[in-house]
Structure formats: structure tokens, C-alpha cells
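First subunit A sits with subunit B, and in the next complex the same chain sits with subunit C.
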Partner chain A sequence: MIPRPKPERFRLRRTMMFMNAQKPGLIKDAYIYGCDSIMLDLEDAVAENQKDAARFSLYHALKTIDYGDTEVIVRINGLDTPHWQEDIRVCVAGGADGIRIAKCESAQDVLTVEQAVEEAEKEFGVEVGRTLLMAALESPKGILNAYEICSASDRMFGVAISGGDFRKCMQTSPQHDGVDMLFARGQMLLAARAAGIQCFDTVFTNLDDQEGFEAEVLQNKAMGFDGKSLINPKQIRFVHQVFAPTEKEVIQAEKIVRAIRENAEKGLGVFTVDGKMIDIAFLPGAERTLKLARACGMYEGDLV
Partner chain B sequence: MEILKPAIAGTLESSDAQVTVEPGEGGIELSLTSSVMNQYGRQIKATVLETLERLDVSSARVTVVDKGALDCTLKARVECAVFRSCGASAANIPWGGAVR
Partner chain C sequence: MKNAVGREIPDSLLVNGKEVYQGKNYMDGKYIQKAAPKTRRYETPRESKIVDSIVQALKDCGAKSGMTFSFHHHLRDGDYVVNMVMQAAIEELGLEELTIAASSLGAAHDPIADYIEQGKVVGIQTSGIRGRMGEVVSAGKLKTPAIIRSHGGRPRAIEGGEVHIDIAFIAAPTSDCVGNCRGVGGKSDCGSLGYAMTDAKYADHVVVVTDCLVDFPNFPTSVEAIDVDAVVVVDSIGNPKKIASAAARITQNPRELMMAEQAAKVISVTPYFKDGFSFQTGAGGPSLAVNLFLEQYMDERNIKMGWAIGGICGPMVELLKKGKVGKVIDVQDFDLDAVQSIHTTPNHFEMSASQYANPANKGAFVNKLDFVVLAALEIDTGFNVNVLTGSDGVLRGAPGGHPDTAAGSKVCIIVTPLVRGRMATVCEHVVTVTTPGDCVDVLVTDYGIAVNPLRPDLIECLDNAGIPHVTIEALKEKAYSLVGRPDGLEWEDKVVAVLEARDGTILDVVRKIKPFVL
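Our next item is the complex of A and B:
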């Protein structure tokens, strides 16, 4: 039995890789790829007549395999299926770090899942509140209700758009410039930032189109996403590269954090660093850069 | 648990095992083939029998075709086959109880 430490609501989540929970060959060594989170899938990757088998396989994987620092999230079946309640029981009993709510369309969906999670935590003697939640927005209604979904529960750590289903609803297909989902991504980012949670982009499914993949990751970073869902380990490295801060950004962030702390002691609120006006509003961003830099192995100082 | 009808779980993919259970005539009759029989045959057999014992299965014909599954996979496949044979695999599984 591998006891997993209490999940952190806010941690680094640049890459979240999907794995079919029904395939032992995939889930037994999923941690070796170095993604920040793995997403064990009970939903679309598992055939309808294998949902039961996938849960047994998931339970023992969660209890037996040491995933180390890799976060373990489980995607459960939709609330319109007969599977989601047993999915929640097995996630909680096995000690998954978090649950991804598929096809989430309202705050009520989050609350329904939260209630079942709490019941399961009590049933299996797990600390109430331990299991985190995230929502996948897959429909126009989900996007329109993004803010109420993001702010529905203290367990919510993030929100993600699911491109396949969403594009189908919108009668569009993936475009190189991302125009097909530009508004939806923007709306979801606004909602996530307003609610103070993380925001993740959808998978890029054409593994032969490396150029298209890279363009999408760069756009994700520019738009302000925290990370991206992935379907193949070969996609991890590029996302980590793009989401890593530059050396110049790290040096600048270090200077800002130091200056804000020193000047606060002197009673100074606003001042300049390298000719740029700096005040307390720059602190969270600079600290975030340093945390990211530490995760990427670029910073070993003690400011964060 | 009583094996009521034949049931099967798992696949023949690498790192998996396919487990079939059928009603027995008293006692456990285990037939095992494995791609790693020489190295792990005894360990696999022990894991299958322990799992059946935990589920309180005392009479069954069990066929395991192992393709190099880890212990945790073997357990999962045996349990799933047994619960399927009782028509009880879809909900209210005793996670952490008989299944552990």
C-alpha cells in the first residue's frame, strides 16, 4: 500500500497526460515520463462493457504503484451515465488526488459530485475535503456557465476545455490559428482567473502535425493557460520548455521579490527596478515565476 | 462468494492477464499458463489463490492466461471475473474490504 501525501490544491500542472485506466501496460509505469499530472481515464477510453474491469484495475494501481511526485487525477464518467457514483467510490477509496468531472455544465454538477465525494470520504475513512475536483467544459453551456462552475467549491483546483466535444457542438474543427475556440478559451480563462483557480487547454490529437502542436502550445502560453492536457509522452518536453520561464525572467523575478521585501522594511511602497516601476502588485507574478523556475530546475534560491 | 455463471476478465495484451472463472465441483481447480512461468509461476499461483480466498470463493474452475501481469493486475482481473460471475461487478464493490 502506497500512502499518497495530501493533495495540494495549487501546484505546478503544466502537463496532464491521459491514460486508459483499463490498460495495465500503460498505467503501471506512467510516472516515468515526467509529466506533472497523469489523468487515469474511466470515461471515453474505456469501452462501455469494461467500466467495471477498469475500476478494479484503477483501485489496485492507486494502492500499489508509487507515482512519486506525479499527481494522479481520475476522469470519471458523466453524470448522465450509470457509472459515475461507483467511479467516485473507487477514486476516493484508492486515494486519487483529484477527480475530473466530465461534461460539466453547471455549478450544480460540481455540487452533485462534491456531495458524492464527501459521502465516499466518510464511507472509506478518508479525511473530508482531501479529494480535489476539476471540471471539464465540453459544451457551449459549460463555457457560458464557466464562472459559476469555477467558483462552485473549495475543492476546485482547475478547469479545462475539452476540444473534441466542444468543436462538434460548435460545428467547427481544429484551425491552425485557434480561431475555432478562441472565444471559448478566453471566456474559460477569465472565469478561472476570476475564481482564482487554474486553467488547462485541451489535447492536440494529430500526433503527425508537430508544427500545429507547437503553434497551439505557444498560443496557450500567450493566452495565460497554466498547462495542457496531452495524449502522448512525446508531447511533454515541448510544453515544459514553453512553460518554463526564460533566464532573464528568473533574474528579474528574483530582483523584484528581493526589492519588494527590502523596501517593505524601509516603508517604501513603490520604487524602480532596472528602470521599471515596481510595487506590491508585482509580487505574486514574480513569486510564481520563481516557483515555476524551481520546478524546471532553473532556480535553487530560498526566496520561494 | 459463489461462482454462479462463467465469467471472464482481462485481455491477452502484454502486462495483462485473462482470467476465466466457472462453477466448480468443490475446491479450486486452477489452470495457469504464463509467458513468465519459469520465473514467476509460483508467485502468480499464490496471488490468484490468495485473492480467491479473500473473496471467499471455495469452489471454482479458474483459468489464468498471464502475459506478464503485475500482482496488482492479477488481483484486479481475478476480482473482476468473480464479481462478474455473481452479476455484482457494477456497483457497491467493497473497496478496501474483500477487495484490497
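Our next item is the complex of A and C:
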């Protein structure tokens, strides 16, 4: 049995790699590729008559494989299916770090899942509140209700858009400039930031179109996403490269964190660093940059 | 007597000056007496050396029982010539007590296993031994222990007279009527004929077997008519589909790509990665993919590869054509792109196995090599590599140029998954040592990188670049934690194969495996 540390609600999640929970060959050591989170899928990747087999495979993976620092999240089946309750029991019993709620459309959906999670935590003797949640917005209604979804629970760490289903609802298809989902992405980002949780973009499914993939990742970064869902390990490297801070940003962040701490001791709230006005409001951003830099192997100091 | 890699070598093998492995470059500076062949004079001008059949060629060369016949393996799994010749010698001429000295043997040569079982073939000297032949030799059915040599060790042994070739058979994609041979232009093209060159120079008799007779003179030649006694024209020397594969594709397997990327990264942070560097990689999945990632680093630093050697594949030819590598020097071709390129792309040259890798000559290419990327069946915590025997102890592989390039290169990188199925690739003791650990520098697995403690300079390079690495013991423990720790193999005393280090000392022996009883 592998004891997993208590999940961190806010941690680095640049890359979430999807894989079929039913495929032991895939999930046995998916952490070796270096993605931040693994998304073990019980939903669309698993055939209707294989749901049970997938749960067994998932449970044993969670119980026997040491995923180390890699976060392990499970995508459960939608609330309109007969599977989701059992999915949740398996996730909690196995000790998954988090659950991704598929096709989430309202705060009530989050609360429904949360209640089932809590019951399962009690049933299996897991600390109540341990299991984190995230929501996948797959429909126009989900996007319109993004803020109430994002702020529905203290367990919520993030929200993601699911491009495949969403585009179908909107009668569109992937466009090179991302105009097909520009508004939806923007609305979801606003909601996530307003609720103070993380925000992730959808998968890019055409593995042969590296140029298109790179353009989308660059746009994700520019729009302010925290990370992206992936379908293949070979997509990891580029996302990490794009989401890495620049050397200049790291140096600046280090100066800011150091200055805020030193000045706080002296009782100073506002001061300048390299001619720019800095106050306590800059601290979270600067610390996030340093954490990111550490994950990218660019920072070895002890400020974060 | 125990050798430098801790293997017990039976004293009975340490005769006629044979020594156990003492460590790399042990023979440096010693002298070697080359063994000249005894060859027939062809003074009277004659129009042609073509004879009707292999049987006739054997008779003309004075074939008799107890002789050693040599072969080369450029036709790989498509080769027909070894079986053809041995059938003629044994079944038509009734010869016995024969020894086969081949640069390698493979799946194409299963029928030879019958001759071993019948006691007609009593000796095998080769780099590779696989399939049924590997099984019967491992079962102790060959009269004398097989001798396994690297691609560089073989020409050393031939030139030094340790192997005396009575008749060399050259499988030639094209030949003219007097035996000038080339590897391209026929219907069974294989490109380079590098492994056949030493045979032709040191054998008492040389027979060319071809399926494409061309006009005299077939120039420029790979094997010269001045060394050839007879030419036999047959319907087919091999199955072209199995000689060279279609263009070797770079793997799409994410695990292999990841390891290749790591290997390229390691290369890029060493001081040897500079303009004009030299490189060799294998044809396997992760090894070949290193080309792809290395090219990116070369572009970033704006440097070019000086030269590349080895068995050559399409992706290396591509780099040559793009002007990113200065010269490609080629002992064997693995795919059709390489075959088609060898005599047509400027700066793509052919070389002999001796020039490639022989440790006893004065200028083998491997000695100037900066980087080599190699695979392994197993690697142990002493960095010793096995590429010969399976986890069941049966012969099923080939050292090939592995020990030669590992010893000669400045940085030898082994790329292998940590486990294969239920078997730990990184283990406590390899079944057979084919490349000694003192020649292996870095191990790249899907679970992490380990650097040989003998190379503190490389450890420093990785540390400076922030490339994480662990001890090889940690990787071994990880492997065993995943698949379990296997029981040791059980052997009988009988030695079925002797593994020569490239310098001719004895690196290891393979014994007869005890049948498994539940």
C-alpha cells in the first residue's frame, strides 16, 4: 500500500495528462514523463461495458504504484450516468488526490459530488476534506454558470474547459486562432480568477499538427491559464517550456520577495525595487513565479 | 581464474597464451604477428573465374573435412549464402568437422542447427548467435565451445592468425566475372561490404557468390578480384525484403522518445559536444531517435557533426544530405536509404570492420569517437552490459560493435528501459558480460539516469546542467521493486561459448543451462 501525502489544493499544474484507467500498461508508471498531474479516465476512454474493469484497474494502481510527486486525479462519469457514485467510492478508497467532475453545469453538481465524496471519505476512514475537486465545463450552460461552479466548494482547486463537447454544442470546430472558444475560455478564466482557483485549457488532439499545438499553448499562456490537459507525453516538454518564467522574471521575483520580507521587518509597507513601486500585493505573484522557476529547474534558492 | 569483471574463467581455456580480461587497453603497445594466407597463383591469363556451382568452387579450392569457412552478415536475416554453402559442403561433398567463422549469424541460419546436432559443424565463431542455433549451442550440442567476438575483435583474431580461414565466401550483390564485388547495383543490395574485407585479404581461398553478374571491371570495388579464386552465379543470394528494411522510421513510442531526449541532453552538456564532434548510434528505437533530438541541440548551438560511423540508417543519411554532418563512414547499412546513399551521396564512404573497430591496428575509427549511444539486454551495478544471453541463459544476441565503440569512445551512453515485461534490465549481475563496465559511462533509463562513478567529470557536467541523476544501485532497486528479484540461473559445468573481449582476452563464458524442473 502506498500512502499518498495530503493533496495540496494549490500546487503547480502546468500539465495534466489523460490516460485510460483501464490500461495497466499506460498507468503503471505514467509519472516518469514528468507531467505535473495525471488524469486517470473512467469516462469517455472506457467503454460502457468496461466501467467496472476500469475501476478495478484504477483501484489497484492507486494502491500499489508510487506516483511520487505527481498528482493523481480521476475523471469520473457524468452525473447523468449510473456510474458516478461507484466511481467516487473507488477514487476515495484508493486515495486519489482529486476528482474531475465531467459535464459540470451548476454549483449543485459540485455539491452533489462533494456530498458523495464526503460519505465515501467517512465510509473508508479517509480524512474528511482530503479529496480535492475540479470541474470540467463542457456545455454553454456550464460556461455561463462558471463563477458559481468555481466558488461552490472549498475542495475546488480548478476548472477546465472540455473542447470536444463544448465545440459540438456551439456548432463550431477548432480554429487556428482559437476564435471558436475565445469567449468561453475568457469567461471561464474570469470566473476562476474571481473565485481564486486555477484554470486549465482543453486537450489538443491532432498529434500530427505540432504547429497548431504550439500556437494554442502560446495563446493559453498569453490568456493566463495555469496549465493544459494533454493526451500524449510528447506534448509535455513544449508546455513546460512555454509556462516556464523567463530568467528576468525569476530575478525580479526573487528581488521582490526578498525586499518585501526585509522591509516588513523594518515596518515598511511600500518601497521601490529597480525604480518600481512594490507592496504586499506583489508577493503572491512573485512567489508563484519562484515556485514555477523551481519546478522548471531555474531556481534553487530558499525563498519558496 | 577470476578476471577483471569478476567472472570465473576455467583454467582449461587459458592455454596457448590466452589470458583473462585485465581491464581496458591492456594490450596497448604489445606486438601482433600478422598471419599471411597461403594463396594460389593465377599466372596464366584467363577470361573468367566463373564456375558452375558452389560444389565446383569448393572442389576447386580443395575443400575438405576439418576446414574453416567464413561468411559475412550484410544480408542479415535475408541471407541465403551460409545455408547454401554448408548444404553443398555437407550434403553434396560429405564434408565433416567444419567450423563456421562468420561476422554474425541470425534467424536465417536455423538450418545450421541441424548440422550442429549431426556433428557435421563442430565449431562456430561469430558475433551474433540466435534462433535455433543459439538453442542447440546452449544445449551443449556443439562439439567445441562457440567463440563470440565483437566486430573489432574478429578482424583482430583473423589478422593475428587466431582464426585461420580456409575458404571465405563473399555474398556479393554484384560481381564481375573475375570477382570484383560491390554492395550495390544488383537485386540484393546491401550497401557496404565492410565485414567481408578482412576475410578476403586473410583467407587462403575466396569464393564470390553473386546473383547479379556485371561487366568487368565492377568498380570501385569493395572486395577485389586479386583475392578471389572463384565466382559462382546463383539465382538469389538473399531475400531483399529481409536484407535492408524500408527506411528506418524514428519511433513514436513516448517512452523511447523520452529516453532519446535524455540521452541527447546528456551529450549536449559534455565538453565533447562541439563543432566537429563524432557520433555513432544504433538502429534500435530509442538509439535512432537520439539523432532527432541531437539535431535540435546542434541547431541551437549552431554546430555540426564532424563524422558519424557504424551501421548506418536513413536518418543519419538525411543529416549528411542536409549538411549537418561532414562525413559518414559505413561498415554496414541497415535500411534502403543508407544502401542507396553509400556510393552516391558525397562524403558517404565504406570502411572495413578492421578500420572500424579492430583494437590491434593503428587507427580504428572507434578510437576517435566522441559519443556512442547503445542498447542493452541487461546492465548490472558494475555497469557491465549483456547483449548476448537472455534471462534464461540461452544465446540469443550479438555483441556486434558494442564493446568496441564503448571502449573507444569518450562517452558511451546505454539507453534502455528499466524493465522489460517481468525482467529487470538494470540488475545485480548480468547473465553474461559482453561489454565490461569500465567502458560504459552513462545509463539512461525511463526511470532516471546513472553515471559511472569512474567518470566524475561527467557527473560534474550533469550537475552543472541541473540534469538529475541517481546511483545505478537505486535504479536496480527500483527495477526489483517493480518486477521482483529473480532467482539465479542454474548452470552445468560445461562451457558452451567463450566470450572474448575485443583484445582477445577472455571476458566471460556461457555454460550449459540446467533444464528447469518445477
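Here are some notes:
Just so it is clear, the second predicted complex is superposed on the first by the 304 of 304 C-alpha atoms of A that agree within 3 Å, B and C clash if a C-alpha of one lies under 4 Å from a C-alpha of the other, contacts with A are read in each partner's own complex, and residues count from 1 in each chain.
One rule holds for everything that comes next: contacts are C-beta pairs under 8 Å (C-beta built on N, C-alpha and C of every residue); 3 or more make two chains touch, one makes a residue touch a chain.
Just so it is clear, the structure is predicted and the values come from calculations on it, not from any experiment.
In the superposed model, A:297 makes contact with subunit C only, not with subunit B.
Looking at the shared chain after the overlay, A:52 reaches subunit B, while subunit C stays out of its contact range. Which of subunit B and subunit C touches more residues of subunit A: that partner is B.
Once the two complexes are laid over each other on the shared chain, residue contacts for A:237 go to subunit C alone; subunit B is not touched.
By the touch criterion defined above, A:33 lies against subunit C but remains apart from subunit B after alignment on the C-alpha atoms of chain A.
When the two structures are aligned on the shared chain, A:186 is found in touch with neither subunit B nor subunit C. Once the two complexes are overlaid on the shared chain, A:164 sits clear of subunit B and of subunit C alike.
If you check the complex, the residues on subunit A that touch subunit C are 29, 32-33, 232-234, 237, 297.
Those residues of subunit B lying in contact with subunit A across their complex are 9-10, 13-16, 69-73, 75-77, 79-80, 83-84, 89-93, 95-96, 99-100.
Residue ranges of subunit C in contact with subunit A, taken from their complex: 254-255, 257-258, 261, 446-447, 466, 482.
Residues of subunit A that touch subunit B in their complex: 23-25, 28, 51-53, 55-57, 59-61, 63-65, 82, 85-86, 89-90, 93-94, 124.
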